[in-house]
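Reviewing the structure listed below.
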């Protein structure tokens, strides 16, 4: 396995070398606890402050509207539970294709007496703002709709949903883990009150993320303890992580636009290359309103994990739309919600491109996919799936 | 300010160079998401597995009893809320001198219908197991007592409390953030069901910690989302953090014993040096049952933050027992619980020693403290405090 | 890699994959709740397995297990095949991870079903 | 460092610290809820501040603010002192962080109180 091609950037990304360089001094030299008032603490605090400013600038927000958390999952949990417990009761609207961090937090809130409506999506994985509007209740206390889905990349009409929310004064949370640092947007223009965003999807370190909280949004904290992050998130700050995250965001501000064009072209090269060679393949997700680097392809009648394994043996990292965990293969709930037929959904493979992806990589993947799918189809019973 | 002396290791520690070296490959090369099945994911997973084994070995636990979290605060929150929500109602016993992560989580649980008894401590900051026993109720569902307090270093009689808990089948949580990697102990011998422990207090990176959960302990997760950490803590694993933490623990296993003796001697040198030069100073905490590197000294009638500032200007980092936040000086709740008189409690300064601390450092601190306290006392109105 | 070289070899180059015309026995097994499926075809000569073919739908280990098992059972008597254990199938691919044991189950199940079918047909002929 | 060099200088070398025998005016102010306290002693000649002394209990900025203010107000009339603003005290230490503004409050308060006391005694003498 000489050649290695990583096409799983929606799962995680390598940390940018400039980010690592920015973090390094905060391990051994500027190692203080930012809560400490002495010089060692102030050095660490300064690093955190700079990062917070960088993130805030990127979002069009004020620095004190940014809270650092340990990951996108925590940000999502904090957003939903923070809204919920600040109000005690009420109704949420979210979608069927949210990340598990939102879905399972919402489900847990249901066990605590809150109500939740899960709106559906169309065949392209798109939420209909009208359906969100119809789901509104007098006791609706929050709307949570993701910006782009990690599996299919479909970009949601969050501006329209934000308008609905703002007209009614309902807090609007957007899970932007897959779009932050990839798409340009402004929290004010879109009417976002809470926004989850993460570092390790944009060449920053793992273990650090953030939640934007619009000034004045009624929230309580969900992790209790010391008075860190303006009392909104207790716990000693992950200083090197925060510093690295800030740097990663700064780099994205610089690179994002060119990358967008480059990845869109490569993503289309992949899709065009594969559909020219492989019969019975479809593109899952929106044809145009889609993350630049994301291509979710469905191979009819093939089991996706075996494609992932076949590509893995060629040094290629992609992810399966369906997952076979302890003996039960589940088609992706996202594809099911989109109404993708089972024999296509079971053969879904996500390719997500990134900084290091080249045209040669794409061609190598295209050439590798064809024989794998052909061979797999050869051992399959006709019409089995 | 040429000389710099860091005596605030209970707040945070510099990352050990070997730890940084162990982490580095996991930023740029082995950057995969451990949940990914392909080669990139497996490399990351292998790093996580090794770290988990190292931590488990140190604790005398099985690897699948170790859950990684984002910090000591999260571990404490998870322990208390995980017990609470798995049972729905009931009564907790904890102490008045727990870290805020435990205290505020407990207070929040009170707002959710749970009951909490906060037992007191004696003049040395020691919890009395008999008082814990008297606090037991038929509906007691959890006992949470810290191993050692970060301010005063007093080591609690957790074995005796563990026996009480075990006899009654009540889950026993120990916040060992200040002792893990500093003292030897065995979760089985002490009868611990849940143990919070952290990385950045033992020369590992910030942003990573753990919770030991004894097999069979009824718990629910409090951060909802994907199926990470055997479904007990959702969110993409902080791989470099976990890897670094594992290495830090391994190093502590090697160095801990020698360090214990060395720091105990230095800590006593500090106390002996200061009390020989400065009048009206006391040692807060237990004379012997105390963390090796911790010396909390109280200067009668002086305001501790001004001592911290004076030492800071000499390049010395220590922490104040009282904190003046936005205009209100609060004496440490720990010292108050111990019954330390206010005019002593307001002048409490914590020195916490570590790996890099030398005898020269200690002598420099001793020499620096004396004139600072003398000058401060000179401007103070007699009997003001 | 969580899979053995043997498993990967069979996954990449499955032996005896495909349909068989006029088999003497066929059997199918499907894993409950899981889409994984294996179908075996047997050609029997003098009470022994002369030729094996299979089709599978499933993740890599299932394909590999079917392929490895198809080689392993050639030449056996149909009666022997009736008591084929999943462990033997697993051994044929040098082990399976905990969450993929079902690959051996479904392959062994389909082969036993095929053997039973062949036996039934033979008795039918005889009777 | 969150404090100005001027502030640190006054903290390390407080001017005019200490008691005063038979002052013409004394005043104390304490910050509500906070232990911080400043006490000023004034010697008044011809209606003007001839000498100032102070004692404080509090964090560094309070000590520094008291010291800097003690220099600043020397030579002023007692009447002027009655309207001393915290901002002027803050300016005397080249600024204070948000969470330490109370240092200026407590020092200005104690100086105004001392001025009021001096004025009252003088009127007492006259009347």
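Each chain carries a letter (A, B, C and D) given by its place in the written order, and its residues are counted from 1.
By definition in this document, contacts are C-beta pairs under 8 Å (C-beta built on N, C-alpha and C of every residue); 3 or more make two chains touch, one makes a residue touch a chain.
In this text the structure is predicted, and so the values were computed from the model without any measurement.
Enquirer: Counting C-beta pairs in contact, which comes out ahead: B-D or B-C?
Expert: B-D
Enquirer: Roughly how far is subunit A from subunit D, centre to centre by C-alpha average, rounded to an integer in Å?
Expert: 57
Enquirer: Quick check: how many Å separate the C-alpha centres of subunit B and subunit D?
Expert: 41
Enquirer: Subunit A to subunit B: how many Å between their CA centres?
Expert: Computed from C-alpha means, the inter-chain centre distance equals 33 Å.
Enquirer: On subunit D, where are the residues touching two or more other chains?
Expert: Where subunit D is concerned, no single residue meets two or more other chains.
Enquirer: Which positions in subunit A touch two or more other chains at once?
Expert: Residues 39, 305, 309, 325 of subunit A touch two or more partner chains.
Enquirer: Can you list every touching chain pair?
Expert: A-B, A-C, A-D, B-C, B-D
Enquirer: Can you check the complex and tell me which residues of subunit D touch subunit B?
Expert: Against subunit B, subunit D makes touches at 3, 8, 11-12, 14, 17-18, 31, 33-37, 39, 54-60, 63, 66, 98-102.
Enquirer: If we count contacts the way the header does, which residues on subunit B are in touch with subunit C in the complex?
Expert: Of all residues in subunit B, those touching subunit C are 39, 42.
Enquirer: Provide the residue numbers of subunit A that touch subunit C in the complex, in ascending order.
Expert: Contacts found on subunit A: 301, 303, 305-306, 309-310, 313, 324-329, 346, 375-376, 378-381, 384-385.
Enquirer: Could you please specify the touching residues of subunit B with respect to subunit A in the complex?
Expert: Residues of subunit B touching subunit A: 1, 4, 6, 8, 11-15, 17, 19-20, 24, 27-29, 31-33, 35-41, 44, 69-74, 76-77, 99-101, 104-105, 107-108, 200, 205-208, 223-227, 234-241, 305, 308-309, 311-312, 315-320, 325.
Enquirer: In the complex of these two chains, what residues of subunit C are touching subunit B?
Expert: Within the complex, subunit C contacts subunit B at residues 1-2.
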